[in-house]
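Next, two complexes with subunit A in common: one pairs it with subunit B, the other with subunit C.
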Partner chain A sequence: MSRRFLPLLPALTLIAMLGPMLAGLYGTILPAFGHLPAAGREGPSLEAFRALADWPGLPRASTLSLSTGIVTTLLALAITMTLVAGWSGTRAFRVLERALSPLLSVPHAAAAFGLAFLIAPSGWVARATSPWLTGWERPPDLLIVQDSWGLTMTAGLVIKEIPFLLLMTLAALAQTDAARARAISAALGYGRVTGWFKTVFPRVYAQIRLPVYVVLAYGMSVVDVAVILGPNTPSTLSVQIVRWMSEPDFDARLLANAAALLQLALVVGALVTWRLGEIAIAWLGLRWVARGGRSSGDATLAGGALVLSVTSALAIGGGLAVLAVWSVAGFWGFPDPLPASFTLGNWARHASGLNEALGQTAVIACVVTLAAVILAIGCLEAEHRHGLRLTRRGMWLLYLPLIVPQTAFLPGLQTLLLNANLDRGIWPVMLAHLVFVMPYVFLSLADPFRAWDPRTANVAAALGASPDRVLWQVRLPMLLRPVLTAAAVGLSVSVGQYLPTLLIGGGRVSTLTTEAVALASGGDRRAIATYGLMQTAAALLPFALALGLPALMFRNRKGLQHG
Partner chain B sequence: MRHLALLAALAATPALAQTDPSDWDAVTAAAEGQTVYWNAWGGSVATNDFIAWVAERVAEENGVTLEHVKLTDTADAVTRVLSERQAGTDTDGAIDLIWINGANFASMKDEGLLYGPFAEQLPNWQYVDVEGKTVQTDFTVPTDGYESPWAMAQVVFDYDSADIEPKGSMQEILEWSQANPGRFTYPQPPDFLGTTFLKQVLVDILDDPAVLAEPATDETYDEVTAPLWDYLDALTPTLWREGRAYPPTGTAMFPLIADGELDLSISFSPGAASTAIANNELPDTVRTFVLDKGTIGNASFVAIPYNSGSTEGAMVVANFLMSPEAQAYAQDPENLGYGTVLAMDKLSEEQRAAFDALELGAATLSPDDLGEVQDEPHPSWMTRIADDWVARYGVAE
Partner chain C sequence: MGEGLTLKDVAIAKDGVPLVALDRHIGPGEVLTVMGPSGVGKSTLLAFVTGTLPSAFTATGQVLLDGTDVTHAPPHRRGIGILFQDDLLFPHLSVGQNLAFGLAPGGSRAARRAQIEAALEEVELAGYADRDPATLSGGQKARVALMRMLLSEPRALLLDEAFSRLDAALRAQVRDLVFARAQARALPILMVTHDVEDARAADGAVVMLGRT
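So, the complex of A and B:
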């Protein structure tokens, strides 16, 4: 059976991943052009686009979308690359790498809340330094969180994207022969940073180009971080799309779909601009290499990148710490560095709500991750047995759901599901989660799976094992650690999903993430803290298990460990 | 898409006859075992806890399972019902009960999206104060039994008595804010409390607010609202963050008062400050005041969408919300601190005793001190003013 079924799996996986996205885009285009027969609207018309152009907030909202996305990507990329250039292979780097990796799985919303609680005028940083240093008896009237330029929001995104790009870079480094390039460039007298950028960077960048595009598209269209840290006069375009989607007026829904297409166009435009920038940098870079300069401020750059990386790790870690303090805080006036009293009452008040949301979160995450892991293993096994390997161009398909902005196709998908009367319950939400979980699980599993030594399979086959038996009894046990890691990645991606849960679940499916973001508008810091911490725990725990379980299971057979 | 909608219509079961609300025994019998999805704003822990308590009580008494669907905005629920009708989901829709009032109610009633009339047939309607409280009109729109009241709200101003004195008018508030910039703000319209603040300004600064009872027209709108924009032009630069950012909701202002960023804020719940003090969210120096000419008040209602599959269960919940037990529980500042919709003289002595025993809390004004309740303007004013506000202050730098 597997012989006939297995070759179909890659196609099935692509359908599961791209189908909802394409259907959603289709469902967005029609209403954007005024065609919504169910509401008695027959298109095509440009009414919705005209209304969009009349919205006074449009220029600022679009600019914000562009600036936060591009600045986030530039900063995160520059810091990560300089960090790797200046420090990879050192002890400090290994320590930082170990600190940053778990931060990757901290949900964006929790990191954003933590940052807000740290740097707001009444945040922990101000409390810790007032009044003895700053002289503030009251929080200063400064617009830090939700500033009009979206700087705080950009900072919140940068601290979360550095760990992401760093891990992607580390995976790419393995395939770029970086160590020898470094040795040779050092022998020729190049500085650490300059030598790395001249020899290794072009090869690494070619490998991480798609993840960089993901960061760019994500930064331009993110909703939960923008709700928590972004400006409101006006909001970013994506937040405004979600607001329009939830207005009672049907014209607002058409407007939302038109804006969703604009969002898509902005992202495509930014990607094209970025690609042109790459070409320009490559051209300039070649001249820079040809000039043969050996070093230019290498130590300063390396030092700066280290300081910024450590700061970003501290911002996430410190944010989680201040969430922990708020979650057990009694009355906590300004500028006291700690609450006047501590209480478990906040946790008790939220216990039943937390339990319910945790249950819902866990069910969705487990089912989706299980499906994604099975599909990924099936695809990779089909690739191994039948040579159905994704080409370099095919990698684009895998990244597509992460690059097309969520706000561009989820509104359309919701309308389609609603028309088909399929918008009930937890299954559509799981389907939507799978679109985003699948690529991460596949990417996380693919390298170790492919790196597995096929001679092991030959030995097993020579001993009479069928291909299925080789998979179940040799390959998967040897690959237990990467399989569990991929599952942990899948779980944490699912836990962090905000928009798919909100829009596709129609408000009936509430996870820790949707509850936490909903609480943001209420401003109750104790409630936000308990939900944010719980959300973080739900995303981090699977990683702890993924690390712990193989150690336990392999304690008597160390030779079988792989990857 | 049309094919899908057609398929959906074919698959749907024909509408079941709904039970007549005046046959209460039949209603409670049908309600047993039903699940009611109550869509209500979920941003306040106190409200969420209250709804959880209601769920416990109706499960014990009537075997009704109540699920709280937490909204960030009531308009979400209205959209949902509207979309369901467009998609042909005429039975067993996703929503069985909505916490609603004002423009959302007016638009749902207009569109025929509500079940009813039912409210005045509910057994506990007999206790409702129909003379003294605005429970049969909602922002001047007659309710006609399509929604049943469960709480009274009135604008009060929360202030930190350690820092300022009560103010008597919007003009005094403006003068104080100009002298003490950065210490006052209001939630960002179209948040309902934010738009309420705008209406409160208008009602207080107009010589004759009676014009607001009529729908706004192109002729009257500009002239009547001109003083409001003058007021806001003067106030905005003196606001917290110079009006470049606003808190999203009323409760989001509590931490700002607690930290000393604000000395004054607006609230629509006379008891909320006392409740927040009890929860460590506000310092115990916070008190409330109302303006000399009185402040705007209205009732909170629940309504049932036309396509609810648990109409009877929803009516049981609506009826329980109006019961003396639930009303006394809701008025207790330890729980919710909302004003009651019941008339004390219609209650038995025993029922009244529960209300008399309540400790309203130091920050809560007594019913007498709350002064005169001013009527809400017609909803057409609010819609226009909110849109105008967004264009003037909501998207500008």
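So, the complex of A and C:
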């Protein structure tokens, strides 16, 4: 049975991951060119694109998408690289690494709310400095959150992307022989940062290129963070697409699909530009290396990167803290740093809504993650037994669902499901989640699975164990920790999904994330705080279990305590 | 050719380039030592015999075990045991559970436990069943790995540089033990090594591989 089924799993996984995306793109292209038979529209026509071009907000919205995406990626990459260059291997770095890793799983929406509650005119930073420093007796009339340049939105993205890029970089560093390169360049008189950028960076960047593209595409097309922190006049292109999609009128839907194609074109254009930038940087870098300079403000750069990284960690951590305070706040006047009274009334008031949303979130996340883990293990086992290995080029396929913007294919997927009358219930939502959960689960499982000593399987086979017995009794138990970690990654990715739930669920599936983001425009800070915290807890708790469970099960097995 | 392990006209090539060729019979209780510098394909030869040859290699010839052709049998049905230079004890199982994994299925719980206890006694590790393998010394681990393999009742034993990680004093001791236990079971032994001492101690035929 498994002999016939197993070799099919990689293909099945690719279909589960890429099928909805390709179908969605197809479903976006047709209505964008005026073809929507369900509404009596027959294409092709360019009407929707003409209407899009006539929308006065278009230049501004497109620019915002480009600027937030590119600035976010540049900043997050520069800070992460300089941090690793200046500090990797030191005690400060280990502390920061440990602080940043759990922050990776804090959902984008919760981090964005936290940041808003910190830096808004009535936020914690203003309260802590008023009136003694600022002189403010009441919140100043400043547009900090949702500023029209998208600066706060960019900041909200940067603080979340630094942990992501850092963990990707750490994984890449393990394969780049960085320690010896550092020793050699130090012996040749190079400063820490300069030496690292000249010797290690090119190798590391080659490994993290795809994650960097993910950050770029994500920053350009994100919806939930843009709704919470982004400008409204106009909003980013992706937010506008979602607004048009939710209008009852068919013209708006055609407009949304045309805009979705524009969004895709913008992302592709930005990626091509970025790639050209890489080539230019490589050329300049070689000249920089050839000049032989030993140091270029190394201490300043390293110090700056450390300060910025610590700040971003504090922004997320402090944001969660202020959410926690708001969730139990009674009356809280400005500029008091803490509420006058504390109450559990906020939690009680939202208990039934929270419970319901938590239930939906958990069901979706668990089913999707289980499917993703089974598919990923099946693929890796097929690779082990039959040598069906993804090539380097194949890695692109894995990253494709993370690079093609969600706003480009989810509207089309929704249209297709609507036409096929399949837009009911949570199954379509789960399928859509799987598209985004699958790559992360596979990526987090692949390295530990491939690093597993194949001679262990040879010995077990020589002992008479069948391949299935080797998998269940040897390989999976030995890899329990990475399997659980991958499951935790899957759960937290699913918990954080906003757009697939909103669009594919047709507004009828409410998770903690969709409920929290829906509260953004209302401004009820106590309600936002409870939902944001609950969302964070749902994403973080699995990680605690993934760490704790193997430690408990293998408490008497020294050989597995650092695995 | 009857009892024992026979490698009949075995030839292994990588990307079309011939690597190893061997045509030998190893009778019960005999040792065939294959020597040569690293990189000549000694371990590849053993991978072919156990059925775990990587797909980059192509092989011709047959592996016969007690007269039966096992060339195309899956690794776990061959009945050919192997010891590597690392003990490769399963870290998630206790010493006793590792042995139970190897012990051929069948028999009552009590009988199986008795067999495991007896196996531990055979290598002077009585009472170690509940220990975590990570807490054993190198020599102890090697002995557990040996007994785990023997409990699976193989009909031939392969040694892939099995003693090279052990220090000199321990090495001779473990080597003598492996030969003694395997010969007590009349197993044909195919050993690859780069150590002359191993070959001398084996006291059997020696094949030199090398770039000629």
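Convention: the second predicted complex is superposed on the first by the 560 of 563 C-alpha atoms of A that agree within 3 Å, B and C clash if a C-alpha of one lies under 4 Å from a C-alpha of the other, contacts with A are read in each partner's own complex, and residues count from 1 in each chain.
By definition in this document, a residue touches a chain if its C-beta (ideal position, glycine included) is under 8 Å from a C-beta of that chain, and two chains touch if they have at least 3 such contacts.
Since the structure is predicted, the reported quantities are computational estimates derived from the model, not experimental observations.
S.K.: Have a look at subunit B and subunit C on subunit A after the superposition and call it: clash or fit.
M.R.: fit
S.K.: First (subunit B), second (subunit C), both or neither: which does A:Pro477 touch?
M.R.: A:Pro477: touches subunit C, not subunit B.
S.K.: Using the superposition on chain A described above, determine whether A:Asn419 touches subunit B (first), subunit C (second), both, or neither.
M.R.: first
S.K.: Should A:Val459 be classified as contacting the first partner (subunit B), the second (subunit C), both, or neither?
M.R.: A:Val459 sits against subunit C, while subunit B stays out of touch.
S.K.: Go through the superposed model and pick first if A:Gly387 touches only subunit B, second if only subunit C, both, or neither.
M.R.: Second partner only.
S.K.: In the superposed arrangement, does A:Phe334 touch subunit B (first), subunit C (second), both or neither?
M.R.: first
S.K.: Between subunit B and subunit C, whom does A:Pro56 touch in the aligned arrangement: first, second, both, or neither?
M.R.: After superposing on A, A:Pro56 lies in contact with subunit B but is clear of subunit C.
S.K.: Touching A:Thr311, do we find subunit B (first), subunit C (second), both, or neither?
M.R.: Neither partner.
S.K.: Which of the two partners, first being subunit B and second being subunit C, lies in contact with A:Pro467: first, second, both, or neither?
M.R.: Touch status of A:Pro467: second partner only.
S.K.: Quick one: name whichever of subunit B and subunit C touches more residues of subunit A.
M.R.: Per-residue touch count on subunit A favours B.
S.K.: Please give the least Cα distance, whole angstrom, that subunit B and subunit C reach in the superposed model.
M.R.: Superposed on chain A, the two chains' closest C-alpha atoms are separated by 45 Å.
S.K.: List the residues of subunit A that touch subunit B in one complex and subunit C in the other.
M.R.: Comparing the two interfaces on subunit A, one with subunit B and one with subunit C, no residues are shared.
S.K.: Show which residues of subunit B lie in contact with subunit A when the two form their complex.
M.R.: Residue positions touching the partner: 1-2, 4-5, 7-8, 11-12, 37, 39, 42-45, 48-49, 52, 69-73, 75-80, 82-84, 86-89, 94, 104, 107-108, 181-182, 188, 240-242, 244-249, 251-256, 258-261, 280-281, 283, 390-391, 393-397.
S.K.: Okay, in this complex, where on subunit C does subunit A touch?
M.R.: Result: residues 47, 50-52, 55, 74-82, 84, 86, 88, 90-92, 94, 101-102, 104, 132-135, 148-149, 152, 154 of subunit C touch subunit A.
S.K.: Under the stated contact criterion, what part of subunit A meets subunit B in this complex?
M.R.: Subunit A residues touching subunit B: 27, 30, 36-39, 55-57, 60-61, 121-122, 137-139, 141-143, 146-148, 231-234, 245-248, 250, 253, 329-334, 343, 349-350, 352-353, 415-416, 418-421, 423-424, 506-508, 510, 515, 518-527.
S.K.: Enumerate the contact residues on subunit A facing subunit C in the complex.
M.R.: Within the complex, subunit A contacts subunit C at residues 387, 453-456, 458-467, 469, 473-474, 477-478, 480, 554, 556-560, 563.
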